[in-house]
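What follows are several structures.
Next come two complexes, and both contain subunit A; in the first it sits with subunit B, in the second with subunit C.
What follows is the complex of A and B.
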């Protein structure tokens, strides 16, 4: 029996050891030029005119190329399919000159007509493009066609002058107009492929399967196993193929940030985009940390329902905003994984002067609450702060609840709801105070434009005629960038004075990156450009250092 | 026996129809829809999307259209994954979940059966207490705790096994199968112990012992067949339960199985996917229950006589 037991043990242990032998994904990837990329959830689609989420965007950016691209280090724009572009005198028309070398992954040339057809498809109401209002409406007549007010797609302000010249007419002149042409949502799609597999506006078409797929990006679709991986390989026809270092990318869908972090630590991933907050201090303490942090264009806030008393009173809203000690919250509740921030346009916005009229000031808060008729919190009605179920939101809500009690002596209940139930509550305005976040681009309009009285993210009831006028009229009549920045600052001040929402913190980019991986810096737009990504063939996978290793390294 | 199987199959039809109907209306009554997001959807876009998925039609006609599709074996298009059908998603996830369930069941039966039989042979001794205490621990410990613990030990600390994946790296199927099988092994241990104890006190066992058979032969030749009967009847529903309930393990280990699709479908209000997987899994549960009844009848002469007499 003892001998039998020993045999079993020996077989088991040797089997397990055999399993662990060999190089991990990172080392093999380094050698073969394959990037292993932790990509959140299973991509819903790669069709640029249907997709909405960021895992889809990360994947589609490898497969499609829009007119222009961005440098991931500087966020400056640089050529994509268009090798150059020019504005007319009043900056209301842009002419893009396409690179004659640009090719689809089947060898066909990418033409100006491809863009015209693609954008008409993207804006066709039937396809149900959910981001068109954010990314397309600066183009003339895009909104009218998308909302079915005009039927003629040729009325959209995009025109092919010849095979390689594309003219785009804008609704209004905007110094930030070029940024939108870098979005993958505006990438072209291959007409013949789509038409071969169904109607152009058919969401169910199988043209996005690897066997059918044709794209124009640096990579093309190789293999797609649902919930397992999506593999892309080099597009041999890509015009700038000599500057693409990677041979391929393996996108792994991993919903759980805890699992993703473990996979990173065991050398299965080159990068994990969303490490859990609880792990950040440990990673910071590593002597050679793979953690990359930086500002990120996203803001976390509490919306206030201006239709529900006493939140219809501006003094009450402002008092609640002034009584939140964001620095303490960021430091002790969120381990400095965020930036304490009291204005709506997030920290790190280039060339923008921020307004900080809602900084922590408990004295002023108490005064305002008394002026509103609730001295010392007396008689303040019961309010509920809602959040969607998640540990992080709960911690923040509890902390804010305590701060309101401590500084204003008011009682606010907290309640959580499952995400879809929560969104439904917000749409019905069935809340008093509710948490929300908004992530956008590196120009203030991507935040402030959405808060006009009819804006899609404005569920607070905020409607200010002057604010709407600045956004919808003054800014459109002001082509100068500096003057625009000042108008945005004025609009933001109006917005914060009315306080329809309480900014809590600005997001930070935090990702884990193997030392062998170069070209994926933290940048405010969280922009990826795979052309810049290089893997060091000989580098080993990063190893977690124990405190003893760290001491040794320090000595 | 055939009549028994036939009548059970007929009984299953209204059960499954009731499942379809209840699920169909329940998912539509749940607050929030498949197209909701942080940014409110423009009404015109929402209308276009609803038209593509027949959501613009009255509920009754959606229901009958769905039944019509179902009759032809079509579960419809997924809301969450444009361009993919629910049939395709189930076909992608099922083999993985079934494989995981099979390994888990194998581990559970081997470990649980052995522990239960050993415990029953010397009741109220250390040989009984130790495996039964472990079994109680196994029942009490949820998979969402056991899984990460195993990963920490074997994946991160000892670096013997991969921390996640399915069929990507050698050995990555061991930890998930073990995690899923552990709780079941505990149940099986308790069931087989109870079954064996009952059988071992029967007269025919005493007869076997009296005629001088060695103890191991008494156990293997006479006691096991009757003693493991409760386990056999448990296995059918248990396997169906593994298929339907493996989503926690699938999420911990990033396994591309049906359970993950199912849970995500519920979170995303992917109506057709929720319906498709519910209908599919409930059909499986009905079939496995039937199979375990047939198997139990085959093993147990008393039941066999009962079914036989009605045949």
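What follows is the complex of A and C.
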């Protein structure tokens, strides 16, 4: 009896000790192969044909696999569902040969018919795919079907030759065409599952619930607790399962970047994608910093509504663009977490020569404003600068507001709106000046193509016949890459001369990554590939070093 | 000798009003007097800010950035290199205005509504209080957002909108007080003397219910100031470069580890104001509470 009681006491005490030793998420995750991922906001959906935001994209990339994958270190393309592909002679048709081992998470094979059905679904106007113009329009008749000009989905240039051969006809030959097949927006979805839980074109239906879900990615949906976490586990049927190191990922929705950073520091997260700017200098000063930085293809800008006077005057727009001291802004307000950038195609675009006609020049700005009829800012109408509610946007707006006041002596009001209201205002052109960003890929077209006069994301009223002709005709008739680059540079110059928007800065990756986590490098596409992610089982969680620790280390 | 006695009697017969009594009692309460003085100084500073502030309120110095307190900037600067003291001074104008105007609006509506409902009673009371219940049940944010959408962004309107939402609790407290007071003899005496209802409410009921009302008021003012910060954050209240204490605190809290002075000084200012308000409120309640006094 006494022995029994002692045993109980011993077990209880050791249990308590184990608890108080306090293994945190990072250490437990390292041991169990579970990645704890700080993912911004609660994902609205995981449906690759409905999603647009990056939290949704981060999650969907684990659950679905498109035809082609990309190496996160080099951004080079590598096999996804397709094990190889080939172009025809004039590069207008691509044939994809699917990996016969590719399986859905319920064991069904992934077939060419799955892709045909999925893309017809994605382009169906009823599902309201918001990025179709950017990711699908290179496929023949995709645009016509998406805009309702033709009703027959079979007219889209996608054909299943047999179960594992997919032929895609392109609208025009493009040296960068393959890149688009790497986006999660072009991933296949499981027809039987979707049809069992609603109409194929329902934007939201129960097929995305963990009990119903079927996907083809390296992971499959395990558990989804609203506002708490989304858990994914290994897909046992994934064709390349031997190269997947992780056993699962826990995506935590944490809206506040301050909170997320604190959780990272206390060992609750392996990675935080967006630490607050004010913390960056301290992280840089750490001797073994978990901060990963590097430029990627994204541009932050202020759109100007060319229908609202005085912004219908090109001199006014140019004057406002020239009076922003981007270098100071990037250095002081944003702690060098961005690259000051005055053109639309972002810093670091490979093989591309940038145009910098909008660099800071307050003298020229004042002269242009005077020529436009507002010498010294006199009589300049009150304009409002809108941004969507977020600390970073507010800081930039406050600094820019003061720069316009200082250099041009004009008063601009600032106003913020919640994201959905904001997008609605922009779609209705209900703004004077509004902040926006565009994150795309390592070819200039992913930026410049969107600014044609009919572009869905061109909400400025910019319409230039020569620009449209270069993008829609000249470029499509020019398959040579160098010649294309020349054309893009000409188009960008026209664009910047008209100044429908003011580029402010190019984005940089700034993520916190635990030392135990390998395979999430900064890359120009800001792209994740979970297949490459490896956790070191024995590594301890990273510890914040106080300046005293640093001194000791130095001694 | 005799004349002195006569003057004494004359004074005694003149008597002192409720308010004079209260003022005498309040003056004896040191904390309350301190609170009153601090508040008066705050209001004076707010009024004189454009002349006494050391810097222009929108003057930035991006190269300077966030610096701790120094000789040039007594309370330090924020990430835009703006002087914190100037920010607090200008923020005080907005915060004090919001606090006082919104609370006055709430006070006026709430006290009148509650007093009428409590005094008249019966069906009128039921209808009036059900209306309060309905307004309570409305999600408060949506109500304010709707008001702003309908009437646009306007500072004065913001004050009124907050006041128009904050009166509900005030009305309930007032109604409860009045219900218990109207059972008392002095009210019955007033009724039997034939005084009109409005006079009874004004002269007898409201002054006697002041205690809890004042305490609740001193609690409402800080609540309203923080509410303004919340609305401003959502884009409905003040917009940069204008600021308020609530906004300064909420942004200071984000960077409290790197730049603690951005949180500490606005926080201290708000705390001192709230303490002063509470001391003054406490003092006023004691001073106005006839039953609690010994004279």
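Heads up, the rule we're going with is that the second predicted complex is superposed on the first by the 524 of 555 C-alpha atoms of A that agree within 3 Å, B and C clash if a C-alpha of one lies under 4 Å from a C-alpha of the other, contacts with A are read in each partner's own complex, and residues count from 1 in each chain.
Here is the rule we use: a residue touches a chain if its C-beta (ideal position, glycine included) is under 8 Å from a C-beta of that chain, and two chains touch if they have at least 3 such contacts.
What you are looking at is a predicted structure, and each value in this text was computed from that prediction instead of being measured.
**Student:** Determine, for the superposed arrangement built on subunit A, whether subunit B and subunit C clash or fit.
**Tutor:** Subunit B/subunit C on subunit A - fit side by side.
**Student:** With both structures placed on chain A, which of the two partners, subunit B or subunit C, ends up touching more residues of subunit A?
**Tutor:** The partner with more contacted residues on subunit A is B.
**Student:** Just subunit B (first), just subunit C (second), both, or neither: which does A:279 touch?
**Tutor:** second
**Student:** Identify the partner contact of A:203: answer first if only subunit B is touched, second if only subunit C is, both if each is, neither if none is.
**Tutor:** A:203 sits against subunit B, while subunit C stays out of touch.
**Student:** Using the superposed model, measure off the angle between the directions from the CA centre of subunit A to subunit B and to subunit C, in steps of 10°.
**Tutor:** 30
**Student:** Name the contact category of A:456: first (subunit B only), second (subunit C only), both, or neither.
**Tutor:** It touches subunit B, and subunit C stays clear.
**Student:** According to the stated criteria, A:399 is in contact with first (subunit B), second (subunit C), both, or neither; which is it?
**Tutor:** Once the two structures are laid over each other on A, A:399 reaches subunit C alone.
**Student:** Once the structures are superposed on A, label A:513 by its partner contacts, choosing first (subunit B), second (subunit C), both or neither.
**Tutor:** neither
**Student:** Looking at subunit B versus subunit C in the superposed three-chain picture, what is their shortest Cα distance in Å?
**Tutor:** 5
**Student:** Return the residues of subunit A at which the contacts from subunit B and from subunit C coincide.
**Tutor:** 258, 418
**Student:** For the complex, give me every residue of subunit A touching subunit C.
**Tutor:** Within the complex, subunit A contacts subunit C at residues 258, 276, 278-279, 281-282, 325, 328-329, 332-333, 389, 391, 394-395, 397-399, 401-402, 405, 413-418.
**Student:** Mind listing the subunit C positions that touch subunit A in their complex?
**Tutor:** 58, 60, 62-63, 65, 79-81, 153, 233-235, 239-241, 251, 254-255, 257-259
**Student:** Which bits of subunit B are touching subunit A when the two form their complex?
**Tutor:** Residues 30-33, 35-42, 44-45, 48-49, 51-52, 77, 80-85, 89, 92-93, 148, 151, 154-156, 159-166, 168-171, 174, 251-257, 260-261, 264, 267-269 of subunit B touch subunit A in their complex.
**Student:** Taking the touch rule as given, give the residues of subunit A at its contact with subunit B in the complex, in rising order.
**Tutor:** Where subunit A meets subunit B, its residues are 15-20, 22, 25, 41-42, 44-45, 47, 50, 52, 125-134, 146-148, 203-209, 225-229, 252-256, 258-259, 262-263, 265-266, 268, 418-425, 427, 436-438, 450, 456-457, 459.
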